[in-house]
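Below are two complexes that have chain A in common, paired first with chain B and then with chain C.
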Partner chain A sequence: MFVQTFPITRGDFDTAGEASSKIKNMLKKLGISPRIVREVAITAYEMELNLVIHSLGGELKLEVRPKSIELTAKDNGPGIEDIKLALKEGYSTASESVRNMGFGAGMGLPNVVRHCHNFHIESELNKGTLIIAGYSLDEKED
Partner chain B sequence: MLLTDLAKLINANVITCPSSPREVACAYTCDLLSWVMAKGKPGLAWVTVQTHMNVIAIASLHDIACIICPEGIQMEAPCVEKAEQEGIAVLFSEKTAYEICGLLYKAGVPPV
Partner chain C sequence: MLYKHSVRIDRRKCMGCTNCIKSCPTEAIRVQRGKAKILDERCIDCGECLRACPHHAMIAVTTPVNGLNLFKYNIVIPCASLYSQFEDLEDCGNLFEALYEFGFDAIYEEARGAEIEAEALRTYFRSGEANFPVISCNCPVIPRLVTTLFPNLIDNLSPFVSATEIAARVAKEEFCALMNVEKESVGCYYIAPCAARMTNIKSPLGIDKSEVDGVFAMRDIYAKLMELMGKSKSSGSRRSVPFPAGAYGLGTAVIGGLSAAVGTKHYLAVDGIYNVMQCLEEIDNERLKNLKLVEASACFGGCVGGPLLFENQFVAKNRNRRLANSQPRTDLERDEHVLKYVHSPLIRYNKPFEPRSIMKLSDDVGEAMRMMERMERISKDLPGLDCGSCGSPSCRTLAEDIVRGQAVEMDCIFKLRDKLRILAQEMADLASAEKRG
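Let's look at the complex of A and B:
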């Protein structure tokens, strides 16, 4: 099994996307199919940006097993008040300055759901959020 | 359409360009990065007024063919350098996003 963890800092827009880029390159080197690499890269980017924009800081973890890939985003708070709303396309709590950069369209979590095979989210206010996106590598390679 | 032909069509300055010829598969204009994450495709020509580092990150993750900055908008040197490293073409055009997309559409470049 291949595991790599990337610490993500709150508000660090200059390096945002680097972890996702590394994940994409690692998966390519491991010979994962281009379709899955693309899906995982999109999910990783949205998770990474969510950590930068909304969390107090956290980590993004990639686990590659023979038949599956798992991405885990774990943060130190502040937690999501209403998970159902957070998953709704177009809903965002991002600040005006973040929106001016082109983020905060309320597409982050819906994009994660759309681009993974299994999705899990749990969150507790003032504690943190855990999001897991899973991929099965059983399908025939295209 | 080849990237070099696209640049001529919209009268753009090519700021960075991959060494091998690159085919443009489709085009899209949007300044909301998550929309582009959702819609992006390999070979995309992306017209946007956003010019910060995350534009390059998204372009790289999607293997986008080129980023087109409309209306004479410039991209700062560190972002141009990053685009160069990632093999993504950056084009500057004086035309508006509307004009650029109109020209591309007329020339047969499909939407995403």
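Let's look at the complex of A and C:
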């Protein structure tokens, strides 16, 4: 198994996108099929931005096994009040200043769901959120 | 001479400095035993190394300009950027006359090819078959870049061959019909701002064979053309070309020109190889929506920024604008000559683009994972200065070269120094141990 963990700092827009870009590069080097690479890269980016925008800080973890890939976003809070609502397209709790930067359109989590094979989310208020996006490499597509 | 790419290294001039390895967008150059070496499978012919080398050791390989004796008939395809290289070019006639005097039997402008391409793209956009955003292949580097680093975007590559290739194909077809001669007796020579087109002759992409038979470097032919233009100016003779390009076609020498000719609002015109890569990455990550056309040029400014041109790109841009504005803005939608080719297979690629995966460490994912882990470990242990002294462009690339078996850790001079220090200490210890004994 190949594991890489990237710590993500809250509100750090200067480095936002770097972790997902590194993840994309690693997957290319691992010889993962380009279509999966794209899906994982999109998910990783959304997860990374979510951590930067909404969390108090956390980490993005990439795990690659010969037959599967897993992306895990784990943060230290504040937790999601209503998960169902958070998964709805267009719903966002992003601040005005974040929206002014072009983020917070309420597409982050829906995009994660759309671009992965298995999705898992759990969240506890004032404790933190855990999101796992899984990919199967078994598909015969190349 | 055997070569795969359009850049060759003059080993006598190469000092083994690190300028080229640092400039290469695909990390295709290494310095080994004091000399630069190009990794063929990674090179995309962008020409960045030509610009980066202060010792002029990187040589653009083009066709030598020494007479036109390979074919019975010779057609010239002047690049749309050629006109901008001459200071007092008020009309194209003087230049055309010089090209005829040079010995060419016919002139077909690349700019005219671009007009056909623009109209073909516009029609294609409306056809419902287009895979948006469509990436134009006018710059020969772009299809190589996409097949190498952005395999997901291969389906977005334009179905139409480059304006240069269109011009050459139309030229041969029309010239042969007009003169009633065999295609084999006709050669097409492109007067080029870069050497990238040369690679397409040797190893074409998406087509069986390029109809461009030779590529003359603009700067190799410049002096001769200047001389001939002087003569034709005094003689006043003015032969023209069958279908002269208008403002749209001439404008394609500058980035944004093709987009203007196509006339779509939803375009992205991007120049400079690193900017192009950044934009393609954004498209690959689905972050750019509603985009119809991507007009990308490896060179800054478009073809007017080509490494083999004489004039600096800003002066060239100014002249290009002046000349283009003085020409008629042909209504391409009603131009019968253009419409004749819009639906023709003549201007289309006929072979699929194959992805060239240069990134992956191994064909086996498990093995690649082990290599990747080792690479991460080695990388953490390297100084991270990216000094290039080892011959690889960065510490990470050295780590990759090591796990690929193409370099060793001691190639790093800092690693070597540490090792020497340890060795020296051991020797000193040994020497003093002997004294005691």
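We take it that the second predicted complex is superposed on the first by the 141 of 142 C-alpha atoms of A that agree within 3 Å, B and C clash if a C-alpha of one lies under 4 Å from a C-alpha of the other, contacts with A are read in each partner's own complex, and residues count from 1 in each chain.
FYI, contacts are C-beta pairs under 8 Å (C-beta built on N, C-alpha and C of every residue); 3 or more make two chains touch, one makes a residue touch a chain.
What you see is a predicted model; the values in this text were computed from it and never measured.
Novice: Give one word, clash or fit, describing how chain B and chain C relate on chain A after superposing.
Specialist: clash
Novice: Name the contact category of A:Ser123: first (chain B only), second (chain C only), both, or neither.
Specialist: A:Ser123 sits against neither chain B nor chain C.
Novice: Would you check which partner chain A:Ser55 touches, where first means chain B only, second means chain C only, and both and neither mean what they say?
Specialist: Neither: A:Ser55 stays clear of chain B and chain C.
Novice: Return first, second, both or neither, reflecting whether A:Arg114 touches chain B, chain C, both chains, or no partner chain.
Specialist: The answer is first: A:Arg114 touches chain B but not chain C.
Novice: With the two structures laid over each other on chain A, which partner does A:Phe103 touch: chain B (first), chain C (second), both, or neither?
Specialist: Touch partner of A:Phe103: chain B, not chain C.
Novice: In the overlay, answer first, second, both or neither for which of chain B and chain C A:Phe2 touches.
Specialist: second
Novice: Can A:Ala16 be said to touch chain B (first), chain C (second), both, or neither?
Specialist: A:Ala16: touches chain B, not chain C.
Novice: Thinking of the overlay built on chain A, is A:Ile42 touched by chain B (first), by chain C (second), by both, or by neither?
Specialist: A:Ile42 sits against chain B and chain C alike.
Novice: Tell me which partner A:Gly31 touches in the superposition: chain B (first), chain C (second), both or neither.
Specialist: second
Novice: Among the options 278-286, 332-340, 350-358 or 404-412, identify the stretch of chain C whose C-alpha atoms clash with chain B after superposing on A.
Specialist: Given the superposition on chain A, chain C and chain B clash at 278-286.
Novice: Which residues form the common part of the chain A surface touched by chain B and by chain C?
Specialist: In chain A, residues 21, 38, 41-42, 45 are touched by chain B and also by chain C.
Novice: Within their complex, state which residues of chain A touch chain C.
Specialist: Residues 1-2, 4, 21, 25-26, 28-32, 34-35, 37-38, 41-42, 45, 64, 66, 137 of chain A touch chain C in their complex.
Novice: Can you name the residues of chain C that touch chain A in the complex?
Specialist: 151-152, 281, 284-286, 355, 357, 359-366, 368-369, 372-373, 375-376, 400
Novice: Please give the residue numbers of chain B that touch chain A in the complex, ascending.
Specialist: Listed in rising order, the residues are 31-35, 37-38, 48, 50, 52-58, 60-62.
Novice: Tell me, which parts of chain A touch chain B in their complex?
Specialist: Contact set of chain A toward chain B: 13-14, 16-18, 20-21, 24, 38, 41-42, 45-46, 49, 101-103, 105-108, 110-111, 114.
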